[in-house]
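Order as written gives the chain letters A, B, C, D and E; numbering starts at 1 within each chain.
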Amino acid sequence: MIALLKRDLALAVRAGGGFGLGLAFFLIVIVLVPLGVGPEAALLTLIAPGMLWVAALLAALLSLDRIFALDFEDGSLPLLATSPLPLEGVALMKGVAHWATTGLPLTLAAPALGFLLNLSSTAYVWLFVSLAIGTPALSMIGTFGAALTVGLRRGGLLMSLLVLPLYVPTLIFGAEAVRRGADGLSTTTPLLMLAGITLGSFALLPFAASAALRVNLR
Amino acid sequence: MIALLKRDLALAVRAGGGFGLGLAFFLIVIVLVPLGVGPEAALLTLIAPGMLWVAALLAALLSLDRIFALDFEDGSLPLLATSPLPLEGVALMKGVAHWATTGLPLTLAAPALGFLLNLSSTAYVWLFVSLAIGTPALSMIGTFGAALTVGLRRGGLLMSLLVLPLYVPTLIFGAEAVRRGADGLSTTTPLLMLAGITLGSFALLPFAASAALRVNLR
Amino acid sequence: MSIWEYANPKKFITTTTPIVPWVLGLSIALLVVGLTWGFFFTPDDFRQGSTVKIIYLHVPAALMAINAWFVMLIASLIWLVRRHHVSALAARAAAPVGIVMTLIALITGAIWGQPMWGTWWAWDPRLTSFLILFLFYLGYMALWEAIEDSDTAADLTSVLCIVGSVFAVLSRYAVNFWNQGLHQGTTVPVATGERSISDIFFVPLVMCMVGFGLLFLALVLMRTATEIRARRIKALEARMRG
Amino acid sequence: MTLKVSDLAVARGGAPVLEGLSFDVAAGCALVVRGPNGIGKTTLLRTLAGLQPAIAGTIDFPEDTAAYASHADGIKAQLTVVENLAFWADVHGAELPDAVFEAFDLVDLRDRFAGTLSAGQKRRLGLARLGVIGRDVLFLDEPTVSLDGFSVKMFANWLRDVHLARGGIAVIATHIDLGLDAPELDLTPFKAAPDAAGGSDEAFL
Amino acid sequence: MTLKVSDLAVARGGAPVLEGLSFDVAAGCALVVRGPNGIGKTTLLRTLAGLQPAIAGTIDFPEDTAAYASHADGIKAQLTVVENLAFWADVHGAELPDAVFEAFDLVDLRDRFAGTLSAGQKRRLGLARLGVIGRDVLFLDEPTVSLDGFSVKMFANWLRDVHLARGGIAVIATHIDLGLDAPELDLTPFKAAPDAAGGSDEAFL
C-alpha cells in the first residue's frame, strides 16, 4: 500500500502531475472574489472566512477526478484490483495521496492568502487548524465520489454534483470555526465536529469507495 | 462545420454528456457561498452580483476540459485536422457548442437563482443581460485555453490556471454591470465593454486556438 | 408464500395494476375534499390572513419529500442485500416524485415567505436543509441517468443513497448549528403540529397529508411499472440483436 | 495446481455471450482461446480473472494466483520503464529481477519514460509486468498486438521456458499464431443461444 | 496521381529516427512498410499524413487527398455505429453508402452504441471510416490489430478491389501478412545514425 502512495506522489510531482495546481486554483479563486465583489476591506473581512473555505473546497473538488480516472484509463485499476492489495486499502491510500498533494499545501498556504481577503488577525490560527482538521475529510469524501463515477467518460462534473452536497457539513463547521475565531468566540464545538467528520470518513468511506470501484470494474 | 456542432450537441445530451451539469455546478456554488459566509440577507445582497458572476465563471471553467480532450483521447482530433474542415472553424464550433451547453442554460437560470443570494430586485434584468453578452466570451476564451493544454494528460487544472487570468476583464465588467444595475446606475459602459470582449474573442481566438491545436497535434 | 414473490417484475405488475387506480382515486378524492375544505371552509388566521391556507400544500409536500428519500433508502438496502430488481427500480421511480415534492415545498414556502417574512428566501435552517435535500435528489437522479448498464446504475445509486443519507442527517445538524442565533424572528413554523394549530385547520390538513401520501404511493407504483416495462423492452431488444 | 472450469456461462452488457464451457488446464500447460471477433474471448478472460461475475458454472484455481493482461497495461507515461516495473513488483511484494529486462528486450530502454516508447515497446513493457509479479495463472488477452515477429517469438519463449516450465498456467486469447505447442479452444460452438438464461435482464423477459 | 517521397528524414521527440528515405507509389498501388518495433513506422506515417513536419526531404501528393488511421479511430462510444460513420461522411461532405456496412461486416451492428463493441468490431468500424470519407491516399498504421483472420481478408479485399481499383494509394505499416500483392519497404536500413542532423537540439550541439 505504501508503494501505491509513493507512486501517486511521484506521479503528482512529475510533469503534468497535479501537485501545486490545487494550490494555484485556490489562489486564483481568492483573487477572483475581490474582483467580483469589489474592493471594500470591511466587506471582504466579513466574507473572508467563508470564502476561504469555499475556495479550499472548490480547489479540492477540481482535482478529484485525477484520483481514479487516470488509473482507470490506462488499465491500472483492474490490475490493482487483482493484486494482493485490498481494494479498501487502495481507496484509503488514494485519499491520503490526494490530501498530501492538495489539502496539505492548501492548509499551509491558506494563512498567507488570508491577507488578500483582509482576514481578521485573530482568525489566522483557526483558519490553519480548521483546514488541517477538515481537508482530510474533503479528500476522503472526494475519493468516494471519484470511485462512484470512475467508469463514466468525463464523470468530473457529475462527480462535483454528487460530492458537493456531501461537503456541506465540513464546509459549515470549517467556516464557522474560522468565523468564531475571528469574533473571538470558542471554536471547540465546530472543530470537534470537523474532527468527527474526518475520522468517520476515514473509517467508513474506504469501504463504500471500494464497493463502488468493484461495481465499476465489472 | 454544422455536422460538428450537431455531433457535439448530440454527445452532450447523451448519457455521460455534459449538458445541464454546468448548470448544476452553478447552482451548487451559489448554495455553498451562503453556507460558508453565513445567512445574513444584507451581506448576501452586497456580494450577490460578484458571487453570481464568479460562480458562472467557475461553472464555465469546469466544463472546459471536455472541449478538446475527449476528441484528443479517442483520436478524432488528428482526423478532424486532416479533414476538409478548416481548423479555425473547428475551434469556433467547439466554442459555440460549449456555450450552448453551458453558458446558455446558465444565463437562463441565473435570474431564478439570484433570489437565493437575495439579489436586489432591480439587478435581475442586468444579471440576465450581462450573462447573455458575457458568457460567449467565457466559452471562446476557454476554448483557446483548452486548445493550449490539449496534449497534456489531465491538463484540466493547468488550463484553469491559464484561463482564469484571461477571464478577469469579463468578470470585472460583468459583475460591475450587475452591481450598477442593483444600485440603479447606468450599465451602458460595462455592457459595451463586455460586448466588445465577446466580439473580439470570437473574431480572433479561433485563429489562436487553431494555431495551438496544430502545435499540439504535432 | 413469501412477500418476496412480489419482487418478481411480472408478479409485481399483475398485482399492482388493479390496485393503482383505487389508490389514485382515493388520494384524489381526499385531496379534493381536503383542499376545498381547507381553502374555502376554514376561517383566515388572525395573524397570517388567508396566506395560512398554503399550509395544505406546503406541509404534506414537505413530509412526502422526506419520506420519499426514506423509501429510496430502504429500497436501496433491499436491492443491495436481496438483489430484487423491482426494489432498485422502485428507488429509481421514487426519486423524481420526491424531487417534485421537494420543489413544491420549496415553491409554496417561497410564496408563503413573501407575505410572511417579506422575502422569497431566507437562509433559515429548515429551508436550507431542504435545499440540500433537493441537491441530493438531483445528484442521485443524475447518477442514474449517467450510467448505461442498469444493474451497475442500481448498485452505485444505492451506495450513494446510503452514504448520502448519513450526510443529509449530518447536514441537518450542521445547518441548525450554523444558523443559531443569527436569524431570529423567522423560526419557520407558526405551529409545530397539534399544539398551536386548531382542529378546524387540523382535520383538512390531515386529509391532505394522507392524500399526498396515497398520491405518492400511486405515482411510485405507476412509475415502477413503467420502469419495469422499459427494462423489459431493453432486454427484449438486446435478445433480438444477439 | 489446476485451472478447472465447468459449465461456465458468461455475459457482457447484461446479455449472455457464451455458455456450457468446460475445460481444465494442468500446471505447466497453456490453452489458446480462439474465435472470431465478438465471440466473447475478452469476456471469458475477464470472468476467469474475477473482474466480472459468471452467470453460471464454476471456476476453480488457487486464490490470489491470477494475473490479467489486456491491451491496457497500466503503464504510466510519466514513469520510466524501471519505475513502472518496480511499482508492480512492490505491489506484489516481489523482487525486480534483472533477467526480466533481458527476457523482454528492455535493457536499452530501462531509463526511458514509458510515454516515449513506440507501440510495440510499450507492449513489451506491459508483458514484462507478468515476469515481475510472479503470478502462476495468467489470463492474456491478445498479448502480442503490435509486436514484431521477433518480439512475438521472444514472448513465446519466455512463456514456454520460464512461466510454463516452472509450473505456471496460461490462458491466451489471440488471433495470430504464437508458435506455442498448446491445445486450442475454439469458442464458436459455445456461443450462447439468443434465448439463453442468465442475463441480468432475465427477470424481465 | 502519385505519392513521391524523396530523401525524407523524420524525427520523434526531438531525435532523428529515419533518414534518406525515397520511394514512389503510383495510383492504384499499395506499399507495405515493415520493420522491427521502434524503427519509426508510426513516425513516418504521421509525417506523410502531415501531422508532424519532416526534418528534411520532400513529400509530394495532391493536397487534401490524404487520410490517416491508427489505433485510435475517433470512435465515439456514445454514438451508434451509423451515427459515427454519418458524422465523418458529413465532415467530408460525402454520402454514407450502404455498401460500406457490407464491406466491413457491420450490417448487424448498425444500431449498436460503439462503446459496446468488442475490440475487433471497433476496429472494423474504424476502418469503415476509410470507406466513407472517400480519400485517395491512405496512411494506415497497423490497421488489422485485433482483427480475426476472416476480417483481415475482408479488409485486404476492400483495399484491393475497391480502394486501389479506383486508383487510390495506400501506405500500410504492419507486422502481419495482409495477403496483399504489394511491394514491401523495410525501414531497417534507413535508421538514422546516432549523430544524424536535424534534431531539434541541433543548434546546441
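We take it that contacts are C-beta pairs under 8 Å (C-beta built on N, C-alpha and C of every residue); 3 or more make two chains touch, one makes a residue touch a chain.
Just so you know, these numbers come straight off a predicted model, no measurement behind them.
Think of each touching pair as a link: the shortest run of links from chain B to chain D has 2 of them.
The set of chains in contact with chain A as well as chain C comprises B, D. By the residue-number overlap criterion, the interface of chain D with chain E counts as same, with over half of its numbers used by both chains.
The count of contacting C-beta pairs peaks for the chain pair A-B.
Comparing mean CA positions across the assembly, the chain most remote from chain E is C. Chain D and chain E, compared by their mean Cα positions, are separated by 28 Å. Rounded to whole angstrom, the centroid-to-centroid distance between chain C and chain E, based on C-alpha atoms, equals 57 Å. Separation between the centroids of chain C and chain D, computed from CA atoms only, is 49 Å.
The centroid of the Cα atoms in chain A and the matching centroid in chain D are 37 Å apart. Among the residues of chain C, those touching two or more other chains are numbered 132, 135, 138, 142, 146-148, 175, 178. Residues of chain B in contact with at least two other chains: 15-16, 21, 24, 28, 35, 38, 73, 153. Counting only residues that touch two or more partner chains, chain D has 13, 71, 77-78.
By the touch rule above, chain C contacts chain A in their complex via residues 132, 135-136, 138-139, 142-143, 146-147, 152, 155-156, 159-160, 162-164, 167-168, 170-171, 173-175, 177-178. By the touch criterion stated above, chain B contacts chain A in their complex at residues 16, 18, 21-22, 24-25, 28-29, 32-33, 35-38, 43, 46-47, 49-51, 53-54, 57-58, 62-63, 65-66, 69-70, 73, 152-158, 160-161, 164-165, 167-168, 171-172, 175, 179. Those residues of chain C whose C-beta lies close enough to touch chain D in the complex are 8-9, 85, 149-151, 228, 231-232, 234-236, 238-240, 242. Interface of chain D with chain E (complex): residues 13, 35-38, 42, 71, 116-121, 123-124, 142, 145-151, 175-176.
Remark: chain E residues 49-53, 64, 66-68, 70-79, 83, 87-88, 90-93, 129, 133 touch chain B in the complex.
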